[in-house]
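There are two complexes below, and they share chain A, which is joined by chain B in the first and by chain C in the second.
Entry: the complex of A and B
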């Protein structure tokens, strides 16, 4: 790895909207996808990341740099992740979880998934459908049946307020 | 889909259930996350029933689970009816709920996350044993809540009724009710298992004998007979006139309509070491019935002369040592008996039972 050779190597990443980013190889290889490219020797020029846009990639690189600057201390890394995600809105989180999945970064993936789950906790079914862009493909009968099966969750709870 | 799965598996039980209502594909993902049986339980010693309940509920519903049944055991300072009302308020009106007041609780404390075992301090009138003063329990408030999810099984409550007077347990009706429920959801009239909760005042022995006779060996039958309890009867249950309940069975039946890809749940029943037999085997020669107790003489394979029951007690004392005898709250002997059994108008059949009887010297 680069750190062992003495001179830090820099990689150039390209987003799907053609933005270029420079990032230290030691930070970038948090992504297993990028690490595999480096190990296969195809990281010489520009690394194209076809599934990530510039805005999201900028965030992910901020995270890569931030987390790799912290020594092996799980507590500190966790508090960095919490702080890093605290001001992100749902759309940003959704883009990041897809990027983390594509880049194969399990620590970011897990942290963002947990954060999204936390945001979803108090939301209605309608909110979830809208935000995730999911079409309700239940027939009215099926939906009634599945709601009946999960009736205990809705009893005594005010449902379908959209905030 | 892997991304969605990763997110949904982190949801607490309630939003997880909402997620299943989002769409068919999300429901499929939720089902695959919850494809294994799960038991979730927690203990709280909060002296307020409301707070204790909120604490344990929050804990047991922290991960995805679909409650198929709810069991709670509360300390004697709480009131069963109040606990049932609150638990119904949380879990709704369709899930079987059984609550009892037992001798104590064993489980994981929500505050410390450590396993605890607490025996409730019972009021003097109820106290059966006397503890040495330094170990005498003082806690009376607290509860354990267990929520179970068993994919591929259906869970029902079947009550056992009794009318006033002796010999008045409707055991035949109980067995037939169980068969009826089992037949309605599975291929068989035998359930996968029965958890029996009997009221302290109920003589559970004839009930156990008949249920053991009525169902095959692979139907497990376990339970508790030493507590006060309360449960919710579904509206469809017909209560025989002038009767009250004496016990309730939590019935696990194999669902013929279980979704594809759900495995079969196997149950294993094990005896704890506390009821493992020690000492030799005797054969009863004569018994003398004294109403609530029985005096007997017996022989042992190698020794021809008969023993008095009391001599056997001395043998046991020699075998296990005085320390254990004094530490044990009671000594029991295992008795194998043959009895003829039948349900309704069926032909009687001879069954062997293994029973434990409390064993003490005369006088």
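Entry: the complex of A and C
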């Protein structure tokens, strides 16, 4: 262990498309999934992460390194998260929320979920359906009934476009 | 009909993650998501956040009863100026408290007395109050055993001298306090005492018309031995008194001596003693540029100790 040898322990993570990544154990254990593997002594060789592709994993590791370098200051961590997510498109955010869920990283999960919500807030129903892969299985009558039931939530809603 | 789907991975998300995402939206929008598809129709009833941002207030109590979850993480209410808060009483707030709420964030636009039941909520961790709520006085039992974060900005204190001390005495594990005293309605002696507090922000400042009401001798008194971070903006006090701050690592202090103090020299002396308490901090931002009397006082005190040294020496 790092504490015993005095040198930082490095873990090797493997994405589901067989890319290998080295990451400091101290940063990687932000993921409870990885931390459990380390604690159970299963992290000796390569850690396979079957649900995360290389592109997403590279991004997650950038986040792990960045956030673990910031001392215990919640405001600085928050501004790092905001900056980290600011240039990510919706598809990347979608991949990251799935990865954060699989890796059990609550801080990343919350930040990405908040960002997705922030994007959704300004979008039309049609846009959200497309981006979330939601098939509208209501009959027109049912849809009208749901809309009527929660009429107050549709006040001032924009037209169903991509913007 | 051709359905174009850009990304079907999100559709694999379990309901628990979808409700997690919805929990970051105002409640109005999470309810609106019921239109998306059958699977989403009742998802909003499982979202552990109730966030009413200037919605029609008559809708709010009935919404709480429609909501299905036995627990609520966050209850947030931002009032409109025309709210009359008819429902805002113990019986109604009990519905929120009974669901083991952890975070409460309320802002009104008028002086509304907060239901006493709020101050005995056993599960509350983060409590934020803004704009003109009235905090009950010492007759109200305060017992917030899990409260770690308390933000109280521009609220009104029922018993001017006692309420703040009484409130803090009921928060045995408090770690973060942000307190803003910014209008004539809510000026109280700023007496902050907590054995567990780590982060403290005090804005003891004013709007210009406050000068009309500036009759009292306000003081800042800080007794927080575990404090690590302090931000103090003080324009009003006649006196600053501060206990030991041995754990303090970061301080951001801005003192603005806008008003002629009753006793300039006493005030300046108290500022110097306070600055002495900051001698261990690693990061210090200290702005006394609008507080020039302090320099005069420091210089006088230096000169007098210089001469007393030589007179003793002789």
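Quick note on the criterion: the second predicted complex is superposed on the first by the 158 of 163 C-alpha atoms of A that agree within 3 Å, B and C clash if a C-alpha of one lies under 4 Å from a C-alpha of the other, contacts with A are read in each partner's own complex, and residues count from 1 in each chain.
Note that in this section a residue touches a chain if its C-beta (ideal position, glycine included) is under 8 Å from a C-beta of that chain, and two chains touch if they have at least 3 such contacts.
Given the structure is predicted, the values throughout are model-derived calculations rather than measurements.
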First, second, both or neither for A:151, with chain B first and chain C second: first
Touched partner set for A:91, first chain B, second chain C, both or neither: second
Chain B versus chain C as contact partner of A:133, first or second or both or neither: second
Contacts on chain A seen with chain B and repeated with chain C across the two complexes: 97-98, 101, 109, 113-114, 116-117, 120-121, 125, 128-129, 132, 134-138, 142-143, 146-147, 149-150, 152-153, 157
Footprint of chain B on chain A - complex, ascending: 97-98, 101, 109-110, 113-114, 116-117, 120-125, 128-129, 132, 134-138, 142-143, 146-147, 149-153, 155-157
Residue ranges of chain B touching chain A (in the complex, touch as defined): 2-4, 6-8, 10-15, 17-27, 66-67, 89-95
Residue numbers on chain C that touch chain A, as the complex places them: 3-13, 17, 20-26, 28-29, 31-41, 55-56, 59
For the chain A and chain C complex, residues of the former touching the latter: 90-91, 94-95, 97-98, 101, 109, 113-114, 116-118, 120-121, 125, 128-138, 142-143, 146-147, 149-150, 152-154, 157
